[in-house]
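The structures come next, written out as structure tokens.
Two complexes are shown next, each including chain A; its partner changes from chain B in the first to chain C in the second.
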Partner chain A sequence: MKRTNRISRYFHVPIKKLERSSMEDTNDSLLLNTINTFSDCDDLTRYSLKNKQLQFLYFKSLIDKKTYEQEVLYPFEALKDDNKTVSAYLENEQFENVRTSEDITERILNGYIAIFLNQSEAYVINAFGPKTRSIEESETETTIVGSHESFIESLAMNLSLVRRRVRSPKLKVVYVSVGEISRNTVALLYIEGLVDMELLDQVKQKINDVEVDIAVDTPVFVQMIDDFPYSFMPQYITTERPDVVVSNLANGKIAGIMDNSPTAFLAPTNFFDFFHSPDDRNQRWAVGSATRVLRMLAFFITLTFTAFYVAVTTFHYEMIPEALLMSLAESRNNVPFSPLFEALIMEVTIELLREAGARLPTKIGQTIGIVGGIVIGQSAVQAGLVSNTLIIVVAISAIASFVMPSYMISAALRIARFGLILLSGLLGNYGLLIGIILLLAHLSTLSNLSTPYFNPASPFHPKELINAVLRVPYGKNSRRPTQTRTQNKEDVKSLGTGEYE
Partner chain B sequence: MKKGLSFVFMLLLVGCNDKYIIEEVGFLHSLGLDVEKGSDMDEYLVTGVIPQIAPDAKNNRELLTSVSSSDKEALLDLARQSNRDVANGQLRNVLFGKELAEEGIQENIRTMNRDPKFGTRVQVVVVNGQANDLLSQPYTQHPEASQYIDALLEKEARLNNIPETRMHQFTRDLYDDGIDPVTPILRRGEDTVVLDGIALFDNAKYVEKIDPKSSRIFFFLLGNYSSGSLHLELGKGEDDKTIQLLFDSIQNTREMTITNVDETEKMKIDIQVSIKGSLVEYNGPLDITKQKDLRTLETELENRVENRARHLLSVLQAQGVDSIGVGKRVRNSLSYEDWESLNWKETFQNIEINPHVEAEIINIGIFS
Partner chain C sequence: MNNGLGAIHPIQLFFLTYMMQTSVAIFILPRSISEAFGTNSWIMLIVLSGIVMVNIFLFQLVYKKGDGMSVFEIMNVTLPRMITFPIYIVFAVSWSISASLILKEYIYIIQLVAFPTTSFIYLLSVLIIVVLFFMQYPIYKMIRAAGVLFGLASVTIILTVFIWPDFSIDRLTPFIFKGTNVSFDWLTIIDQYRPFLGFELCLFLFPYVTKDSHLFRSFYLGNAFTTFIYVYTVVLCLGFYSFDQLQHIIYPTLHFFSFIEFPFLIRIENLVYSIFLVKALVTAVFYYWISKQAIQQIIKRESKFWLPLCIIAFSVFITYPFTTKQELELSLRFAGRFHSVLIFILPLLLLLLLYIQKKVRK
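This part shows the complex of A and B:
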């Protein structure tokens, strides 16, 4: 019977097979060569069982101690001091004979234990099992109703989170490696029959084309594979939630999970994906739709509210209702700055507050709230630095920016907002409109995996657009989105995974 | 690069160059235009009211006056008196003094329409007296006179006691040959501004006003309106008390029928007015809880309204101002050539116009 250690299999991470070096190492140098490769790696552990001529090489930090003891240390200690017995034991299936020092090095780096017999023969056994944190609730993508699991920094665990939800052999996982030094694994997940193979090839090609020494994390990595590196917009949606990944897989999308990263990316992405939260789907359609409309509203408020204030107070006093005009003019009366400068001061202050709050521990974060709320909110007005109305305007647009379920898009929009404020401060409503037109033009220009980013608004697919802006009730009429180019637009039963919008 | 540069230039060369930062703009709220008496040449006495935004100023408004030969020049003159740019993009009311209105305001209306900053929602008002006098009064109960006037006019227009004559409607009626424009008319009261009825214009010249008590009757003849109330006195009762009747929440419809449209002398116009409303107050001898008495009261109401309407029409005909738009209806039933050859003003004065009123009391209140 095949003897497998459950734990080590569970955390097994397959590695890319190395090409064999043209010249095989001479047996004598195998151990020495390996040790030489790891020179100055003080965390490498070397343990010898002298009387059996055995040497173990491994990284304590990468292996599971229990596996090591049960599979390697205790059995070998218990064996007779006889070369034959040891050799025979090493013939067991969990040990793998390797011949080159490159292979050994690769294995050791992946959490294997290398066992050298007489310095010349080498076997490896998988004992990968570093400590990982437990599965917790996502802090960036919380939901009120629904699953509270989120990805962690272990690829195996992340894959398990997805596989648990899609119990089908049609869920395929393809490994691609990235990073010349770091050699990170990226797992590409898709559902056979739903995914467009051309898109899949494109992702693979893009990942293979990446030339980088160390790919640190998914958010870094996705910026290396996007179509428009100079754009300020996020182009791949990233998520920490397995349920989001699964429902997007069901739409025919490809998910990419990198090892050591709790973030997965989804491709192809469109602009409207950033406005969706699993909560929309968990709620009744009316509530979900209302929330999505609210988010679209928040999108416009974030972008244009402050800019509109600046344009109106600088150029278009005719547009303001009479009653509001009086209080606006009164609150602006003591302010020494122009509306544009005043707005920029407040917007930068809000950004400072936000950035300070993001980096600070929660205990000090409260102080920031007090300083921001009371000192800046009230005293700045009393001191006559900014006007009352502007505080309200800036606060509303800041709140609106936090409504966005994706932090990425909200950060991008805040940048765009500054551009719009400048334009409307210089050119009035004309400038504001120019800015919005430029933004729309840019959004329609962008592509993701050579599919249009602004789909379904441009190219225009009315039914799909309704689906993207509202959350229509689940029913027979829902179709998979055109962007994924899936061949299977409607048929649910043949696949066995029915969850999609 | 070239593309980018040209785009930047495109941005910078157009756009709003005329900055109006709100606290630096003195936005005229009301503008009063009068004829300045006494000088050998006619000059305008222009009064501008700008709401005050400085919180510690003693006055709630900035009142500027100027005497000059044109109203545009007067605006420049007003600006010379203020620490803010005087702009008329937020103008709500233009008040014409009665004397100026009698001379005709066509030229003023025309230039105001030409200025794009001049909104079409500006209320055109005639002042029975001097606009300057009305605006410059320190109303103790309403420190901000122009907003007071504005609110007063808006409320009264909603209740159909005065027509809503913003610049748009006034200009429309002015250039329409089938109707003559009307405006509200105001006068100065004791520490208040009082609505003095409806000013009737012959083209752009003020000729006559309708008493505010009859203004609802005017609306019966003008078109279909709802809301508003009508107060009638139905003679003396038993113990020498006048019988009061208040007809409220009125909905009225008007229909005009023309007979003998082809012969100018024989042309006859019937105006069918039907009014519906609730009887709020009645202190006469009739028992209004009885259907029969209620019908009697309705007939009484019909007769009273009809008489007053006839009187109103006779005033209009005597002055030759077709403020209720009979001409529009006549024009619709004539060919263009016939209408052009018709001297409508003269015809209007001579033809027979009969109002027929049909009243219906929908309810008499809940407690009776």
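This part shows the complex of A and C:
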């Protein structure tokens, strides 16, 4: 069942006006029905007070112990064994009277404590407060200067990280629920007046159309709302950083944060967003711009350097200057394989090392560096399996791929690189260009929320493209991107938030 | 400006015009135009460009008089099927053959430069797969992709900067249209009109554009840009080779790139011919698209894969005998002549049909 609603005071409940079942449970069966629903749920706690006059049902793992003791346990223990007194206390505003076992079940699952009075009346109180890790620095999006906070697995905490940065009632939050069984809450954040409501509706519609039992995490979930599920390119930029979310909200974008996920997604996304890092904004414009240019260069190196090496050494030796040709020929002298096969061996080895490094614990991971660097690198050359030059080429390509601030785009480009290497090995520069053409054609025809993915390169918006590739000084790039379709393109002072990329 | 996915932007049409017009013909343009018109032949390019502008203006008249009706609609309304069907078949055959010849000419050049031992069919098949890949997209996506590929094609323009140090003004001459043995007649002019072809796509884009697309303005500007690039290339070649030398080099535009040297890379023409693939590809893809549109008028059925495949296979089959440079150039010349005349007559015919329609309605 899909539900959307405005922010409510129960922020961790999938927002909806809880639907009453057509026929209310008979009072006597309320407790019984609820317990039956949770049969075999051994983690459900049932606690009785005052000779079973009062019974509490809750999940210990979902509630805050302090709230439970201070708001429920101690006060009720202190009350007289008298129905009237207990009923009067339950009239306090923190308690809510519920009448169906479905409602009670829903609330218990969301960290409420259900209180049954004489098994016939039920009240609930919000005691949500499971243990979460504290706010730490992001491991995937580190910055040198600037904020080091990153999102955690608590939606409430993540929202507070954003709200602290945008102290404006214009920051709106809409809750949407995903997962037929898991019922995860996705909070859609936007700034009123900047966002295009049609785009917001599209996101909601896409989320509502998702048919999945359990939505595990944001990176999984965003793949379900892609415009092109068969594309190898990431179509939504994901981030763990509240400052990135805020700066994109100010551009008129929509941010989505899922409960129990430290990752937020931003929509609409374009290809160039993946090359931006908060560090660009924190540095002076010249340094930020140079870094962005370096990243674009890294993008081309990652994609084409090994492929170009294969094309040149297989088909176009005449393109190498004489001095360089001698040393290249010397290094390839003992290698029995074709440049294509040689490059594939090394590229696969690098990928193996990278994957092993990512999976192993940090302490053992260091060994991988030694194995990769010394054993494979040096020994492979000495054994005459690969050439020195190729190792340099592959290493530069690998390093360039790690320059990308987004791991998602870096991984996608590494996949594309293999395609280009194969084409170069088969058809030289002609094959390389065919690969690049296919890639560019694919990028230019992708879309995100029905907006062009390759914007601002296609459709061509020169000023925005400059802003995407360079980090121009503040005040000089005050227009919001056309991709967001914001009606408020220039009024950058309306919210007083820092940068507008 | 509409940011929607289906919208075609003026800048995309501008890029498309350039990509359509400049295909493999630019490799031989400086030589062929010098052979045809003699010294300072680039002046003739401006004249020819003026004729293109007039041609586009005729298209614009058709658009205005027909209230944006497509070429096929205008014909279908006025003419009986017995007449329209053969015309559509002529459209389909002529444009698909042109596309196939462009692809073959390109493959011929790369075989000559870099792949002397690789099979012609193998190289052509790969290119055909790419063409088919492009034809799977709807027209607005093809136009968008062509716009992005312009970025790749512009690398060759940037690379010409490295030729400048070898450009010498002493090699130029103040004499105009001297030193040629070719007679100055209509056929010569039509033959030199061929490098400008490609803009006729404009005529078939009527149903896909909106007012915001500024179709004709984009094509006028696109043609002006193409003319500028042509004039620049010819003048650069004249200042690089001299007039006499230019007439003895088969592919002067490709050849001068071989003089560029970087510390780590030489013989850049090996890269340049690859980049020219994008131009040949875009021209061929849209020519095939025109053929497909014409055939669809006859069979009245939408087919994303089989129809383009059949058209491509047919065109490759028809042009199969043309393999040598002379054969390819001759067949391209005849195809060019046919199209040059056709795209002048076609808008006039359409205007006549629209006039008849108006009279009949009255």
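The working rule: the second predicted complex is superposed on the first by the 476 of 501 C-alpha atoms of A that agree within 3 Å, B and C clash if a C-alpha of one lies under 4 Å from a C-alpha of the other, contacts with A are read in each partner's own complex, and residues count from 1 in each chain.
One rule holds in what follows: contacts are C-beta pairs under 8 Å (C-beta built on N, C-alpha and C of every residue); 3 or more make two chains touch, one makes a residue touch a chain.
Since this is a predicted model, take the numbers as computed values, not measurements.
Look at A:Thr313: by the touch rule set out above, it reaches chain B but stays clear of chain C. In the superposed model, A:Leu328 lies in contact with chain B only, and not with chain C. In the superposed model, A:Ser447 makes contact with chain C only, not with chain B. Touch criterion not met for A:Leu385: it reaches neither chain B nor chain C. Once the two complexes are overlaid on the shared chain, A:Pro339 sits against chain B while remaining clear of chain C.
By the touch criterion defined above, A:Val403 reaches neither chain B nor chain C.
When the two complexes are overlaid, the chain among chain B and chain C that reaches more residues of chain A is C. Of the two partner chains, neither chain B nor chain C is touched by A:Met224.
Looking at the shared chain after the overlay, A:Ser458 reaches chain C, while chain B stays out of its contact range. Common to the chain B-facing and chain C-facing surfaces of chain A are residues 315-316, 318, 320, 427-431, 434.
Remark: chain A residues 315-316, 318-321, 324, 427-434, 436-438, 440-441, 443-445, 447, 450-452, 454-455, 457-460, 482-483, 485 touch chain C in the complex. By the touch rule above, chain C contacts chain A in their complex via residues 1, 3-5, 7, 9, 11-12, 15, 110, 114-115, 118, 123, 126-127, 130, 133-134, 137, 141, 144-145, 147-149, 151-152, 261, 263-268, 270-271, 273-275, 277-278, 281.
Put simply, chain B touches chain A in their complex at residues 11, 14-16, 18-23, 25, 27, 29, 51, 53-55, 87, 89-90, 92, 117, 119, 147, 150. Residues 313-318, 320, 322, 325-326, 328-330, 332-333, 335, 338-339, 423, 426-431, 434 of chain A are the ones that touch chain B when the two sit in their complex.
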